[in-house]
Structures are given as structure tokens and as C-alpha cells.
Amino acid sequence: MTDKKTDKETIPAKGKVGVYICYCGGNISDHVEVEKVRESMEKIPGVEVARTDMFMCSDPGQEMIMQDLKSGTVDRVVVASCAPSLHETTFRSAISRAGANPYIYEHANIREQVSWVHHGDQATDKAIRLVAAATAKAEGLKPLEPIRMEARQHVTVIGGGIAGLRTAKDLADCGVAVALIEKSPFLGGQIAQLERLAPTGDPAADIVTELAGEVLGDPGITVHTCSLVETFNGYVGNFTLGVKKRPPDTDCEKLSSLNPSGRTPGEFIPFKGFYPESVAARAEELSIETGVVVLATGFKSYTPRRGEYGYAEFPEVITLPELIRIMAENKTTDNCLEINGRQVRSMAMIHCVGSRQIPGIHPEDESGNFNEYCSRTCCSATLDTAGTIRQSYPGTRIFELYRDIRTYGRGQEELYEQAAKNKVVFLRFEADESPEVIRSNDHDDFPLRVKVKDVLTFGEEVEVPVDLVVLATGMEPNNVSELVDMMKLPVGPDRFLLEVHPKLRPVELPVGGILLAGTCQAPMDVGEACSAAAAAAVKAAVLLGRGYVELDPFVAEVDLEKCRGTGACVEACLNEGALNLVEMEVDGEMVQRAQVTSALCWGCGACVAVCSENAIDINGWTLKQYEAMVDIIVADEATA
Amino acid sequence: MSQTEKQKKEQKAAMKRLRQERKQKIKDIAATVKTQKEAVKAIKEQLQNHGGTVPQIARETGISADKVLWYIAALKKYGEISEAEKDGGYFRYILSEGSPEEIFNGQPDGSQDTK
Amino acid sequence: MDAILELDFDALIVGGGIAGLQAALDLADQDYQVAVVEKDTSIGGKMIRLSKVFPTLDCSSCITTPKMAAAAHHENITIFTYCDLKSLESEGLVLTASITQRPRYVNPDKCIGCRLCEYHCPVYVADKEEGGFSARKAAYIPFSNAIPQIALIDVENCMLCGKCAKVCPTQAVDYFQEPENFTIRAKTAVLATGFELTPVENKQQYGNGEIPNVITSLQMERLLAPHGPYNRVLRPSDGMEPDAVAFIQCAGSRDKSMGISYCSRVCCMYAIKQAMLLSGSLPLADITVYYMDIRAFGKGYEQFYQNAKAMGIEFVKGKVATIDAGANDSVTLRYEDQNGEGVTSANHDMVALSLGMIPGWNPEGTCPVSTAADRFIQTIRPKIAPTRTDMEGVFVAGAAAGPKDIVDTITEAGAAAMEAAKYMTAMETARKAVA
Amino acid sequence: MYSPRDMIDIIAANVRKTRNPFGMPKFLCNRWWQDASMPAEGDALLFTGLMYQFVPYIEKSTRYLEQFEDTPWADYVRYAKYVPNYLAGMGLALLTPAKEKKRFNAILQNITKILAKSKVDFFYRSELDEYSGILLYDLGDQESFVRHAEFVAAKLKRAGVKTLITVDPHTTYALKVLYPKYTGQSFEVKTYFELVNFTSNNGYKRVTLHDPCFYGRYLELSDVPTKVLANLGIECVPVRNSGLFTSCCGGPAESISPKLSKEVLHRRTEELQSAGAPIIAMCPICLGHLEKSGAQVEDLSSLIARCAA
Amino acid sequence: MALVNPNFAEEMERFGADAALECFNCGTCAAICPLIYEHFPRKMIRYLQLGAKDRIMENASELWRCLHCGLCTQTCPREADPGEIILGLKRFAVANWRRS
Amino acid sequence: MAIQGKEGKILILATETCAYPGADSVGQAHSSYPTNTYILRVRSPVMFPEQFYLDCFAKGISGIIIMSCGEECPYEGAYHALAKRVDRVYQLMKAQELDIRRLRLTAICTVCNRAFLKEVNQMNEVVGELGPP
């Protein structure tokens, strides 16, 4: 055990270890000779006391530990009992109650990993080794404090669509100051492009007006339209954003065509959005100090390629958003729908345009991308529109060509059924046998025909004569490459922003303090986007609620005496920014040394492995502690 | 001392009353337990020598195959039976080595309180 | 009669499944005092009983236990398991919940979860936690990753032999426990009452759950779980390793003939996941999914579906009309092969019914919150504030407000916590304004 | 398979001419009442719809049809309307064995016994007992069906009939559901077993009930016979497909495709026989058809009548 | 197949089959039908949905396979009443023949 | 009677989020395995340098199983860094004529009982075959 001795010399705080071994009412003691373990522990130098109890987790058991701490008999604690998942927190809190630092604690698992799986003498021998190893680790423990960072009670929301508005309002309602940054002159995002929301039928304008009104009326929220984030610095609780406020040229044109001087701020302009304020004449730059950033950058509608189902080749082929807009702007009371001055007696709606693309079947876009995902909302939107048309214009026949009808949500299957009741005819195609849109013969009554091999008709080819073809286009993420680069945001293979874990941390990014809300993460409908936005808001509120952010103390620490500034650790670090080389003065010389930004350190230890000087380690889980444990395990005598 | 004895007595009497109350149910369960014990014994006997698959055991014991599997699953969970190699479409089962008899039959040693 | 115990909390969460736990954590992390009332013996809901989860295929236990442990150890969360909610009403600005603690016949403060009672109990009882495929004892700990790890006695199967009491090292067994009533008062509540599977009895043509080797989707989860009843996939009638397994979609949804017209939203994906896991553990088995529409709508779901197809899992379009027992414990399905010659039958060694979701709780008579035609809890602003109910201060999360997958449930739980926090902030502001 | 178009034409012509699908005079087939003494006045009219009476003729004609199905001779069936003596009318009546006719007549006589024992105030008048026209409806000859139904309904109304006691599911469905819908005339319709009002315990111990589609599904009456039999001490064993989900015996297909109808029959009989108890039918078509499988089949009325004795 | 004829479904209402378009082609009716015959009755319903009148008349004899047992209607997950649709088609065919 | 471990000690580095609770799950199932197995709880095995493994063998450890979280690793990128490192350790082991079967990288989930037992038994066979390092 010479190695161990050397280790001890390098650890300044030499521990006085107390070892507490549990019988677990026979669960342990039936297979492990607990008293023998105790005797062995007593022999170990550095172990001040070794005690046993029928139930160490019971009040008397905990009391015993607390007494030893309070009396100063021990300053390191090892409990040998069941799995740490069950009682590690119990004992840590007992240690805290005794006025000691909870991190001077080590747990030895001699139930699940010894007495329940081994029997006889060997069980006892193994228990002795494991407890001794824990003791060796405990000697190297030092008191730790959770990392606490002051956090600004301020959140910046990027994106003024429905998700951004929802997040902003929720946080303001909880007393957090919010800056809302929107690049266009309008609030409401993509919802402003809709007439009514499926399946509830809520008018989109009402929803936007209500929420935007609440946001603008809230003194806790500052809205910046025509604004772009240009710079980004800092870490959770302390970010600084540089924002430039000026409408892009295209928006300026749009604005002037709307005659902004004639518009009152606070008005909803159909297919534009909620118009909150007049736009500043000249560019402005501002800096926002914030604690948490919520990304609500939304989606854009897929634009079909030229020739995709005849799009841009035949004027009779339009997208669903285009149809919705045309219908809203030309409301008639005719028997037939009228589009661009032509009566629509028959129309085909084709699903999955720009969604569910399959490599090898569908062509990629100019950047080599496929939209392999389902856009989630188009089925309902298409069925809802079809139903509306059939009710308002009974003279217009509708055919829907689909792959799978995905009316998954509440009230959506009813939409599908309602469309069927309204005599919409459904045709089904396989991905590799997409419908074809062709020009009819001159003598034909209808300008276009849609040809499809219909799965429902036993694979027969069916032709539908139509006046109009509507493409149910999917969602694509907005291009936020600048933010992605600036904030180091992870992007998934589908090009949407990628959360840490869809179930454990669904609205969080690996970058601490940056959250996701709405369709920048994945296709969602309005309700789902609002849910995600509120979930992001609650995470922000949790982060900022106490005025500080508290993080685990298990982070890397550099031993400056050993560090030679090679930078190997910086290179190995998995979370960019957590480790940096900084200039500092050592013995009157300016040298490079590694420095940990605790707020960003995950404590994974990737840096530990690469330091040739052993100058960096993870607090609470040091390499030396592991080496000491291995020494115990390999020793000839368990407690030598 | 007499106080605790009195308590013990009361406890016993209360237990007796409770058993009386649930007499019929206890009778039914006892009958089930008897069947279960016989089944477990029969299955274990089958496994004693060379082990066996579920259909084999079912054939030999006359217990239905789904029930045999049920007992095997349970006995496996309590460590008495282990799975062996595959035999056709079925797995063979054997009695566990070092079957943790003591867990099931041993008494917890409550006398070693060292406080 | 003792005075009924009254406890005060900021928020009451009804249901300790993943939705309830997430909402509880999101509120407790904001320093609200939270009570979680769970009817079951353990928290964790349906999720802790699953094998793996789609589309990431990570182990369900591995992502549920951290949340369960975090809630169980949270200083601001108090968990009440094995409790029935008798009523939840609002009186002014206070919500009052009457709760009955069902007796475990084991003193939870004394029990240390050593399982000695379980080992010594002589009665084997079909373990519903393992789909009935294995047995537990009449005295038992619900399952290996249950929280709390506290034993209970199933009186329905207890013959009062006294063995458990005799071996219990802490004298925790108490055959005389009675139900105890207590009251929780809170400012706000989140209903996270979850779902149950569509009963198999709802579709006579599928055999009413009486055909051997026709199992439910949750039973399939247990067979696939590494710590399940057989530790591998075997067919329950005789322990054979199945060579041909089928999944029947919409076995409890989108079917007016069984009174459920809505889509249950998760069955397509869980069936695909189960098929994939199955093909992983039985690489030579033929796996078929019978479906009407594959609804792979969530993030990464469509790609998951396409992967399953690429793995050789067969997808057959058509709703299975009847299920019958076939020869040698096999299962026979009849369906219309829409691409082929028409009506045909197929034989499989084992068939899993992809059952749908029905509400886990009917508030009628307990709580004046409204339900919709689908019998799930009604939300009044489904678009703009999806967790609001028609009862002031009461919010809903997860499958209680309609079928939902885990991702959407967890997100919605966060949203419900947000609504609850806002509600309490507004109450506090109003109180201060008055003062 | 026979051309439905030809069959419909034959049947429609027969009904038009003779008010029954076989084109034979009613006095020839409806003779069971002559041996029974029944009141001619009362509360409720016993309305057989002639279905039980037809069964022996159906059986006979099917056997002929079966021989010719899918042979060149099948085409000749279309000329049947011009050769009424071959397959219809008098000829058919004469070809059908008397023993069979007697057996089916006994069923109706049993029903009157059951009604009497149940103290039902009923009456019978042969001239009011008509075929319902249900086959025309099932075959899609809506026009002929409505015309015939209007004739029957008018006749009953003229006679002041308000309540009908029916004996088979097809007639029950026609009178109870179709007549009000298509003729505008409503009657109170009860099947005889809904009126059984006595208990006993000297029947079979266990039987297998075959629910006819019309009782099980369309009229949702299948729990009634189960209850009646329970009161008579007879247990009905569960059948895989019953009640709302009962399986057709294949009988109605006989006139179109005897082959097809046999296939269906075979499957259903297997299902019914798997329970191992004697099979009970309650529809003349089912009865006649199920018997062809060789299984032991008895009409519900015979079983109840035996208990009444 | 010829062009679809969207007007046929409405024409059929006269013959009492007004729920044909509610069918979502799951195939339950075909598989539950005691006749076990190819795609019947869904095939006929599908032709009706598309207005393939000629297809229906070509195969009209098949309609009389239907025994009117009602099992398809009972089990239809969409309550599209397939049994009644077939009966309506029978009426349509009979009327057609009579006219010709 | 316990299952006798073969000679030689096996070190198991088990991640605190996956494999360590996985080993507990084996305990809860009372599935016996040899006693020569020493499970150390680690945050992420990526922290161990190549030398650590070599030192362990030098000190007398006969086999090492790294039970990681695999792709479910909570530290993004750590698993890949770990896999690369293990490859390098293999190179060094070869250079020292250590049989590389003595070191194994695997992923064990919180309820992967069977996988855990399989790994332990396999390593025991290897260690039994090879003897001390």
C-alpha cells in the first residue's frame, strides 16, 4: 500500500474517516459477516471509528453518524449499505444536519452488489474490499460547494410567432422581464398566413390578436420588431446579445405597400400579422443583458420545385397556403369556388408535398437535403380546408390524394370523417408511385388531369379531371444558420434545432440557459407550439426563479502548480467554452494556463484523461481516488 | 412486563377475530396455496435431474403448459430456477445452482444488534 | 373519531405518472410546495412499466427513474401513493381535496424494503405488473424500480398465516390497518390522471382476450423489457420462442363499432418500436404490422418507420377483421389483402393487439371539471393555452386530456406547471394589492 | 352462380301472380292450420308469413338448382318463368315429399301450443296470412317489394289488425321495420318467443343457440330466447359468433348459389358444433339449411313446446 | 380505369346508399363477410365512391352474393353501413336492367 | 452456495446513470455472478487515461469491463471519445503483449440484467483462460 501513502501526502486535508456498516435487518448480514467487516475497517489507518447498525438509514443510525461528526471524531463518512440510489441523499442530508459538508460522504453498496448476489465467505471478503475501497476514496474527499452564479432576471425570446409570444407572456406573468426580438415588422409569425385553425376552427386572426395584444400590453415585455441578433456572449444567467434594429429591405417594401402611416399600431393585417409599432426610420443598435435565451424562430412553408406535381408549370397548380389566401381574399357566395377568375368544379389536393421524402425516390433540393420527416399539420389543414370548401361551395368536388391520413390529435379524426361525410373522395398512393399532374387534351372539359395508381382501387390507375390542384406543402425550419454559428446550437439531421433529449430535457439545448420553443424544434400545430412555449417558459422561470443558478460541484478543477499550459485539455473538452487557456503571471512570467468556466463544465472528465501532468481533475471523482480504490481491490490482503 | 404480555394477548385475540371474519376467504386461499405447492413440487421434481422444457414438464406433470410457464417465471424471479440452453423452439430450465434456500427459509438474525 | 388531518400545499398534482412528476418538478423547482397524489403503489405511471421508448429506443426505466427519484427526493415535493382522490372542489380561492389512504397493511415509516416478507409469503398471485405472465406473492414490493420501495399486503390473497409479520425485521406488518382519510388544501391543481388501455372485451371479433397468445400492447412491453417475466420474448401458452409475430393496429381506436372513434396517437409508433425490438431479439422471426394509416407524425418518427421497413418488418395495409385460435396454439387472422387477391388469413405464433387509450379517470362525482365527448378532460383553450380546464385554477397535462406520447406529455406537463405558476403569481399579486 | 337478374325476374313474377315467390297457390302450401283449432278472433293475429311452410319447397328446388349450377344447364333457368311446372308452382308442390311438409307444419302447430300455454289471446285466419315479400327486398327489387308490401299491409289494415305475432325473423323484420318505412303502415309486432310465459325444467340441459342474423343483429333480440330457455332450465352454451356478431348460416344464398351457401354453412356448423351441444335454430331458413350439414338441429319452438308439455 | 365520376355517389342516394363516401376502405367488411370472396363488398363500395358505374354493372351479379346478413354493417369501424350500400347497389342494378 | 469466481480480479467501471443502477437491478433479481467482480461507480469512463488501464493490469487486475451508457451517454461526444481511447489502449496492450480481450467496452442499461451477466461471465471465461496478466 505504498502508493496510497504517497497519495495521502499530496492530499492536504487528511481525513478522519468514520465507517458505518448496515445489517439491513439480515438482508446484508445473512450473507456478509458484518462484524468481521467492521473489525477489518478498524484496522485501516485513517479510519477513526467503524460502527454497525441493524438499520443505518433509521433515525438512530443517522443519529450515530451525526454524533460522530458533531463531536469531531470523524470528518469523512462512509456508509456501507444498500444501493446509493436509495439512501445516498438520506445520508448526505444527515451530514448537512450535523453541520458538516455533505460532499465528505462516500457510499459502499454491499447489498445489491454483494449480499444479494454473492454468498458465503467470498461475500464477506468482497464486502471488506469494497468498503475499504470506499474508505480509500473517502480519504481523498474534500468539502465542496455547489456552484452558484448570479442570474439576471431577464429572458430574451427570439421570434415573435405564436410560440415566442406565448413564452414572453408566460414569463412576464411570473414577474420575469422579457425582451422579444422579431426580425419582421409583424407579430404572429406563420399563423398570420392562416384563416382558421384546425381542428377547432378558431380564427387565426383572433388568436394572434389576443396574444399579441396581451404581450404588447404587458409592461414587463419589451418588443423589438425589425430586429436581428448580431452578437452573442456569456453563459447561463449572464448572456449579452447585440441586436440591430432595422427592417430588411424586402420588409420595407412590403410595409410601404401597406401604407404604414395609415395603419394603427395594434392592428391585425391579414396575411401579414399583428402590426405593433411604427418602424424606426434609421437603424439602431442595442445590447441586451439577459439570463436565459429562448429560441422561437419558427418554420417556413415548403416551396415546391418547379415541375413538382406541375407546380409553376401549370397556373392551375397552387399550394395550400396560396389557396387559403386566395380564398380569404376572394370570398364569394357562388355554388362553385372561384380561383383566379376560374370556376373550380373539381379539385385535387395532394398530401405530403415536401414531407416524408425518401432518398432514392424523391429528388433532393439544391442543397442536397431531403425532408424525411412528417410535417404533422398538413393532413388536418387539408381536411379542414376541404371540409370548408365542400360546405361553402357544394358545386366544387374535392379529391384528396394521400399516403397515410395522419389525423392523430384530439378532434382531428373527426375532421377526416367530416370530410368524408362532405363527400370528399380519397385516393391513396404509394411513395414510389406518386400521382402525376398532366395537361388535358384540348377537347377535354377540364384543364388538368391527375393520374394516380390508387391503392384503394386494387392498384388500378385512376384519372381525376380537375380545374385546380392544391399541394399540401410541409414545414421546413427557418434558416437560422447565423444564430446556429453564433450560439453553437446543435442542429438535427432534419435541420431543425436539436434538443438535449426528447423526453428528459425536451425544450433544452446542451448550451446551458438556451431553450427551444415551438416549430424551430420540429413541426407542431398551434396548440403544441404553445405547449412547448409554456414548457420553455417554465424552464426559464426555474433557472432564474431564485436569482441565481446552482450547479453540481462535480466540475473540473485545474491544479495551477502542475499545469503547464499545453492546451490538451482544452482540445479534449466536449463542451466548447468550458475550458480555456488564459494568460497569467507565474513567478513574474506571463504564461498560458488552463482555466475552467464552472458554469459550462459538465464534469465528464474528458480533460482528465489527456493531461500529461495530472493537473486537472473532477472534484469529488478524482483519478487518484480511483487509483486508490484499485490498489485496495488488488491488494493481497483486503485491508492491508 | 405484564403490560406487554397483556398487549400480546390482546393482539392474539384480535388476530383470531380477524381470521374468523375472513374464514371463508382464508379457506379458499389455503386451498389455492396447496395446489400451488403441489405444482411447484412437481415442477421442481421434474427439473431435479436433467431439467426440461415447458411442454416436457407439462406432459410429465399434467399441468397445463401456460401454467407451467407461469410457475417457472415466478420461480425464476425468486432465484430457484434458471434458464439453460435452447432445445428446439423451447428453452430448458434447471434448478438454480446454490438455490438461495436460506433467503426463503432462514430467519433474519435479529440478535446481532450491536448498538 | 379523530379530526381529519389537513395539509396545506401550493399545488396539488393528481397522478404520479410522468406527466404528474414533470409538472411537480417544474413547480417544486420554483419553490412551490407540491403534493402528488397517486392511486397506485408506486409513482412512475405507465412509463416505468415500458421496455424502451420510441423513437430514440432508449430504455424507459433509464429515463423515468431519474425523474421519479428527483421527485421523491425533492424537498418541496410530498408524494402520497396508494391514495384515492375522493373529491376535489374549489371553495373560494382554495382547492380542497379529500383523499383516502388505502391500507398497505405495512407501516411505510417502518418498512425498509428488504423484501423478507415477500420471500416468506407462501401465496403466489398473478403479477399484473408483468402482464400476469409471472407471479408475485401476497406480501410484496410492487416491482423492482418502484418508488417507494415499500411492501404491501394484498388482502384479497392473504390467508393471515402471519409469516410476513414474523420475519419482518422492523415489525412493519400491521394486519389491522384501516383506510385513512385526509384533506389536502392547495391553491392550484394539475390533473395528470393518464390513461388506461382500451379493454380487450370491447371487440368481440378479437376474441375478448380469451385466445391464447393474443396479448395486449402493455403485455408486449413486459415481454420485451429486459427485466420482464421471462427475461426474453416467449409465447405465453407454452414458452416457445415465436417465429411469426403480428401487430394489429387500431385494435382499440378509430373504430366506432367499439365506441372509440378517435385515434390513440401512440399505437403506430409503439407497435413499430415493439416490432423493431422484437426483430432485434429474434432476428429470424417474421414480423408483420397490420395497419390502416401509419401515423408517424412526431420528431424523428417517420424516419423510425422507414427504418423499420428497411429492417424487413412487413407492413400490411388493412384492418384485421377477426382473430381466432389456430392450430398448435397459433393465432389466425382474417383480413383483406388489398394489394393481392382479397380476403385471406394468416397464421402467427403470437399476436399483439395495439390497443388504444381511454381516460384513466372519470371526474364525474369527484370533481366538477368537464369532460369532452371522448370522455377525456375538456380543455377550453386548446390552441392558445392547451392545459386550461373549465375549472378555475385547475389544469390538465398529458393523456388525461387525450391520447399523447411521452414527448408531448412531458412538454405539456411543463406547460401545465407554467399555467399553475402563473395562476399562483396572479393570486399573490391580487392578495398584495388588497393588503 | 345463377344470374341474379333471371332469378329476380322469376321471383318477382311469381309474387306478382301468386303472392308468393314459388308461384304456387297458397292453399297448396299453407295447410297446417286445418288440423289445429284456433280462434278466428282475438287480440293478436298469428302471422306466419308462410316462411316455415316454404322451407320444404325451397329444399326441393335447391336440390335441383344445385345439380345445374356452373353447368351449361344453368342458362336454362332463365327460361323457368316460361316453364312454371318445372321449378315452380304446382310442379314444385307436387315434387316435395309430404313428410317434409308435415314436419314443418308441426313447428307451427307447436307455436300455437306455446302461445296457448302462455295464455296469449291470439287468433289465426289463413286468408290474412301472407308472404311478407322480404326476398324481393333482399334481392334489391325494391319496386316489387313495395308493391307487394302495400298489398299485404292494406289487407291487414282492412281487417283491423293491430298486433301481429310472428314466427320467423325475416317476416318479423319486414313487418316491424320495413313496412312502416316503405308502406307507412305500422303494426305492433312480437315474435312468439317474446310471449313465452311459463317455466319448466324438463328440456335438454345444454343447447347451442344459432342466432339468425335478423334476430341477433337487426332486431337485437338474441337475449330473449336465452332468457326463455333459462326459465325452462336450459343452458345456452356460448358460441364464438353470436348476438350482434352472429354468423350467417348461408341459407339466403341458396337461390343464387347453392355452392356458396354450402361453404358458408360448413363453417358455421363447425363453429356451432364445437360446443358439443345440440343446435337450436329459430328461423325456418336456418333450420332447413343447418340440417343439411348433417348436424342435429331442432327448431326453438319444438324445444319450448316439449317443455310446455 | 376510366375517369372518376364524382356525381355517381349522389345519384346513388336515390337507391338508399348515402354513406358510401364515409367508407375509409379499411377492408373489415371484405374480411368479415361470410362469403370470403376477393375484395367483396369493399370493391363495389370503392367503385361507387369513384363513380365507376360501368365497373359496377359489369360485375353486378356479384352483388347478389351478399346475403344481407349485416355483419359488415355491424363491424364497420366507420359506421358506413356497407350492407345497406350493397343493397342500394342491387336496387340500382335492378333498376338499370329494367330500364334496358 | 455461491458461484465460485475464477482466479483473477475483474474491474468494472459502471456509469452512474446506466450501468451502475443496472448492476443494482441484477442484485434486485438475486441473480448470482462471480465474486471476483469489483464495480466502481463513475460519472463517465472518458476520464480515465490510457495509462490507467495499463496500470490496472500491471497492478494485477485480470480483466476490465467498461460498462458505459453507450449512445445514451448524458455527455454528448463522450462516448465517441471513449471508444477512440479504448482503441488506443488496445494498441498499447498489443504492444505490451496483453491479450486485448482483457478489456471490453460495452453499454449496459438500468435494467439490462441479462446483458450484465453475459458480460461478467464472458470476461470470467477470458480471465480463466488467460490467467493473471
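A, B, C, D, E and F are the chain letters, set down in written order, and residue numbers restart from 1 in every chain.
Definition applied: a residue touches a chain if its C-beta (ideal position, glycine included) is under 8 Å from a C-beta of that chain, and two chains touch if they have at least 3 such contacts.
The shown structure was predicted, so the numbers you read here are calculated from the model rather than taken from an experiment.
Between chain B and chain D, the least number of touch steps comes to 2.
Shared contact partners of chain A and chain D, listed by label: C, E. When C-beta pairs in contact are tallied for each pair of chains, A-C comes out on top.
Here the chain at the heart of the structure, going by C-alpha means, is C.
Centre to centre, using the average C-alpha position, chain B and chain F are separated by 35 Å.
If you average the Cα atoms of chain D and of chain F, the two centres end up 78 Å apart. The mean-CA centres of chain A and chain F are about 32 angstrom from one another, to the nearest whole unit. Counting partner chains per residue, chain B has residues 77-78, 98, 100, 103, 107-108, 110 touching two or more of them. Residues of chain F in contact with at least two other chains: 1-2, 21, 28-32.
For chain D, the set of residues that touch two or more other chains comprises 244-245.
Residues 24-27, 54-55, 57-58, 85-86, 89, 162, 166, 170, 173-175, 197, 200, 202, 207, 210-211, 355-356, 358, 372-374, 376, 404-414, 417, 455-456, 458-459, 492-494, 496, 501-504, 506-507, 521-523, 526-528, 530-539, 541-542, 545-546 of chain A are the ones that touch chain C when the two sit in their complex.
Considering their complex, residues 1, 3-5, 7-8, 138-143, 213, 217-218, 244-248, 250-253, 256-257, 260, 263-264, 267-268 of chain D touch chain E. By the touch criterion given at the top, residues 83-85, 109, 111-113, 116-120, 122-123, 125-126, 129-130, 133, 490, 510, 554, 572, 574-575, 602-606, 608-610, 618, 621, 623, 626-627, 629-631, 633-634 of chain A touch chain F in their complex.
Chain contact summary for the complex, chain E toward chain A: residues 1-4, 6, 9-10, 21-25, 39, 43, 46-47, 49-50, 78. Of all residues in chain E, those touching chain C in their complex are 24-28, 30-33, 36-40, 42-43, 74-79.
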